[in-house]
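The data blocks that follow each hold one structure.
One chain, subunit A, links the two complexes that follow: it is found with subunit B in the first and with subunit C in the second.
Showing the complex of A and B:
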């Protein structure tokens, strides 16, 4: 992985892909339900927090040019800490990927493949993981760079095409379930910006290390704009009880698009672009997974490890007995895992490593 | 060797996928599907549902079809739910019934009075049914409504169902109510839905009575005499999910004006210079209706300003239609007429129906900061005591092609 070098746009596209993949599933519901009509206000607030977070991550990582969090943890606590942190990242990616895979496959089954066993839909996506791992990294990142603009334009189109159904007054009462729910408890909605976690792993693979700041800020801003459009579409279209009931609120809003009697049923086009984005997401996630695994175990090739990892993610995605468990994992467990791991532990490691480095410099 | 293994792996994956997805392909294969174009839901004597499915009869459009063919097939099933009726029908017709092209869902008045929420939730839950399907409340049996849904001017039933709700754009006598809208309204505690009011034409009209204007006509009670069976005029009003009343064509127009749904519409007003005659105006809204809700005094005070442009359609002799004074008199007459009709309509919704069908709650909620404050205000009860102030500002431009008579 470290042999490949990412351009700015490719790096930004990776972070945005992760945001998009979450948003097409139940994430908008998880964001909106606790804050209700204040969802848009909360999202603007959370976007500002996410921007601050990405700047803090950049500032801390900037002290260790060309190193990712795995290398930095080695500097902080030696090989043991490096392996623990690497393993935590692996578990994090496997958990998120398997939950998303399960939810996405379930939605596809409901909409298009009612007679197909879920395991086969899961397998179709799972097969793409070792295939993408055998391809060169550039192939995946460049393919992603083609698909992501299409998905982003799709969401702009979705917003414009549904304007006639909008009730802009749905943003009232302005503070929804209260100021506390919107700004204090609502701050946990920062978990929507799951792509930020990738920032910890980006520095060694960036073509131009000096552009890391630009990448962090631009990717967060782009993810924020994407999220604001997504949440605004859902909030303006549906009453609060309706969006609570929807399995995939974004998909439900796509079903309304009509231009007269000629141009109807665009949901299949949107689903196709989302499926492609999901393939890219899996390819990217497991590219990082194999790279982390290679780093913590010193194996020569990262291709071979993709097969057991694929089987692992397939097995994990089959574990939940029903969709209530998946929904709980995606909406609640993922929220806290992101807050504890991506913000808490990772930032703590960076801060401690920075202090260690500073202490070392003073000593010298 | 490596290449050989790869080929075997790819072949294996292809075979597995062919096996796995062929069932879904067969299930959704166009040859195996029977597309429903409309659903009618009635109650049966045995407390079950009587669900009618309307299909297009493709043979009716072929060259050798008999001229008497109606072009549609209606099958009725008695079952406990929509899903079980589809299941029974699947085995009866030997094809997989698909609801993806269902354009109209008709509920009988009887079933609507008992409450529609269960049916609406089930319909929205169905991935095949589009949220853009129209909802019609039939004053007769839903099955009877479907049987009579034949347009004289449009032989294709699917085309007819696509087109008829659009008359809301140029008459305002119905609203373009979809399943998605209806679902949104019934899930919101403070709002109530409306639906298109449908019925079967009585085919007789007492044209001598002279009292039949837009203020009294509605489906099944119109002055139209023709061969066409069904007619859609007026709106069915709900409180939560239960049918509580009907709006006549003129009241429906008032509803459409407030919601900015009608692009153009026709109104008949008293001639300011000859009280025995009426003048027909073609009106359109040049600016969106402005609505303000004041909640500071307990009961909501709702101020509505309507802005219209109008042209005179029906003209009489010896009148100069470019005379500004006359145009102003016509405008004043139109303002008074519409303000009084809209007020009457609004008080009917608040005092008779106790149902907020124009979503005034969204303008009231602006004054509250949190959901708790808004819920404590209890909009549903407050709306019953609402005061309305309606101002109509009409600008009458001229007549159409003639300027003087």
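Showing the complex of A and C:
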């Protein structure tokens, strides 16, 4: 992975991709249900929090130029801590990928392939992983940079095309389920910005290390704009009662788009762009997985490891017995894992490493 | 006929030996024999190599025997050895001329080689002193003279061969190479030097209008098979001494001449070195065409996507040379190879810069749509009709269903059959003699298509899909690029049939991945977009000519500026 050198746009696109992938599934529902009509207000608030978080991560990582959190944990606690942190990141990425894969495959099955076996849909996604891992290192990031603008333009188009169905009164009551639910409990909605976790692994692969600040801030801002457009579209179109029943709220809003009598159902086209984004997401996740694995095990090439990891994710995604478990894993478990792991543990490691470095400097 | 004779005849027919009447020939493929013959061939090659590496002898007889042996003159009918007596300074020397009939200009040999060497004239009858004083100084009554001794080879070279291109060779190898390329060799008794005289004169095709890259506004000249004519065509367009044309030979046996062309003051040196490195490190027997060289030097040939531009237009080569690219010409092929090449280059036509940007951009957008249609329309049709019928308006869906009502085959069989039939018609149209070509098209496209619809083998809507796909494939300017799209569309058909838009999504993702993984001589295939670099004048869309003031930064040119920031000085600076 360290041989990869990413430009600013490629790095920003990675974080936006992760945001998009979450948003096309049940994430909007998970954000909106606890805060109800205050979803937009909550999202603006959470976006500000995410921006602060990304700045803090940048500031802490900036003390160790060119090192990611795994290298920093080695500095803090030696090889043992490095391997523990690496393993935790690996488990985190594999868990999120398998849950999202299962949810997306299930949604596709319901919408378009009711007669198809779930494993067949999962297998198509799984096949894409080794392809993206075996091609040259930077390929998946380049491909992502081509696909993501299309998806982003799609969401702008979706917002504009659905304006005629908007009911702006849906934002009332302004504070939804109350100020406490919107700003105190609602702060946990920061898990929507799961892409921020990538910031911990980004510094060594950036072409221009000085641009890390720009990448951190711009990616969070872009993700926020994307989320605001998504949530605004859903909030203005559906009442809070109806969106709680939707499996993919964003998909439901796409079905309303029509131009004259000819273009009445463009949902398949949108789904095609989301499928592309999801392929990119899997490719990126596995690129990080294999590089983390390489780092903690010192294997020579990380290409071959993509095959067993793919099988592992395929197996994990088949584990949940029904969709209620997947939904729980995606909406609740992922929320707390993000809060504990991405914010709690990771920040703690960075703070402790910073203190150790400071103490070392004073000593010298 | 009596009984005895009858019995005799019968017995003769029955018992007489009859030789085998059927004729059977087969190449002996016995492994032992094969090994023996391979060893023999290896020994012969080694022997030939040793003999060619020999230096030229002073004895004319030995030289002649050597040449006769190397060229197999006893069985080779077009190798001519002409013995004669050479006159030089009033003395006579035995000599012979070696050339290949049909490859030389006979008049040039007669008038400027044989006549001047054989006939007695002022030059060769001059009987001056054998030693020539070059310099003389006298100091203290002592005269110091610098004397040059008479040198026959120098004399012949300087005074007796009135030809513009004559080389003195000391090795048989050099002489043989020259003779094989259409020169004649002069061997003279008593000197261990032979002369390689350029008297090439074989018939060649004249410069014609391009056949495959036809444009309306622009030059109407194309390359020919002769490498020197091609280099001169490029030089005529560029008109600058910084254009370097280096010659290399490729092929152990064929010794095919290749010319590497680049602008010394523009092209990145690393790029030139890389091109030379790849061409110099080819271990092949024969190089017959630029297509072969393209396959041998491109970065990645796994996916079938071309990474080197091939063109028959000197003006296109000149344009790319001025941008800082390298052009390689191969003797015997009317195509030039331009490297590196990116996706944007394959979608550009030489005409784009000759017409107003608004027109060329319209055409470029059309070409991009054509690319998407060629790649995705058949697969998309299969995906929509099999999985995503809701995307179609109800009326259109009904008409498609009605059209397919009597078709007995599944959609995949229907479309693959039609696409293969179309490819068959295209291939047959190319291979048949040109007067029959249009007939094939008419028979294939009109009669067979109409008949297939009437017979309910295919639906009319499918004919429309296949026809639009075919027309779109012709709109892609580059033949090789268009070819790979034609092949890839079959994968998309299968993927669309297997999993609808999910399958197509997989295909598109894999295709984009492949494109992003490719590099052409170190330049990513998808520049200037991914990785992003300046698109000013080098993006997919054509900028106005006054805006094209820099060269593409991904080529790392020595000279970045291609024109002044304000190129139209008449308009802006005089006011």
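The criterion applied here is as follows: the second predicted complex is superposed on the first by the 364 of 364 C-alpha atoms of A that agree within 3 Å, B and C clash if a C-alpha of one lies under 4 Å from a C-alpha of the other, contacts with A are read in each partner's own complex, and residues count from 1 in each chain.
Keep this in mind: a residue touches a chain if its C-beta (ideal position, glycine included) is under 8 Å from a C-beta of that chain, and two chains touch if they have at least 3 such contacts.
Everything quoted here is computed from the prediction, not taken from an experiment.
After overlaying the two complexes on the shared chain, residue contacts for A:266 are found with subunit C alone; subunit B is out of touch. In the overlay built on the shared chain, the residue A:12 is in contact with neither subunit B nor subunit C. When the shared chain is aligned, no partner comes close enough to touch A:155: not subunit B, not subunit C.
In the superposition on chain A, contact of A:136 is made with subunit C only, not with subunit B. Of the two partner chains, neither subunit B nor subunit C is touched by A:218. In the superposed model, A:169 lies in contact with subunit B only, and not with subunit C.
Of the two partner chains, subunit B and subunit C are each touched by A:127. Of the two partner chains placed by the overlay, neither subunit B nor subunit C lies in contact with A:101. When the two structures are aligned on the shared chain, A:110 is found in touch with subunit B, with no touch to subunit C.
Taken together, the two complexes place residues 112-113, 116, 120, 124, 127, 261, 264-265 of subunit A in contact with subunit B and also with subunit C. Across the complex, subunit C meets subunit A through its residues 384, 387-388, 390-391, 393, 499-506, 508-510, 512-517, 524, 526, 529-532. Interface residues of subunit A, counted against subunit B in their complex, comprise 36-37, 110-117, 120, 123-124, 127, 165, 167, 169-170, 172-179, 237-242, 245, 252, 255-256, 258, 261, 264-265. Every residue of subunit A that touches subunit C in the complex is listed here, in rising order: 7, 9-10, 108, 112-113, 116, 120-121, 124, 127-128, 131-132, 135-136, 138-140, 142-143, 145-147, 261-269, 271-272, 275-276, 279-280, 283. Those residues of subunit B that touch subunit A in the complex are listed here as 13, 16-17, 20-21, 23-24, 26-28, 127, 130-132, 162-163, 180, 183-185, 187-189, 191, 359, 362-363, 365-366, 368-374.
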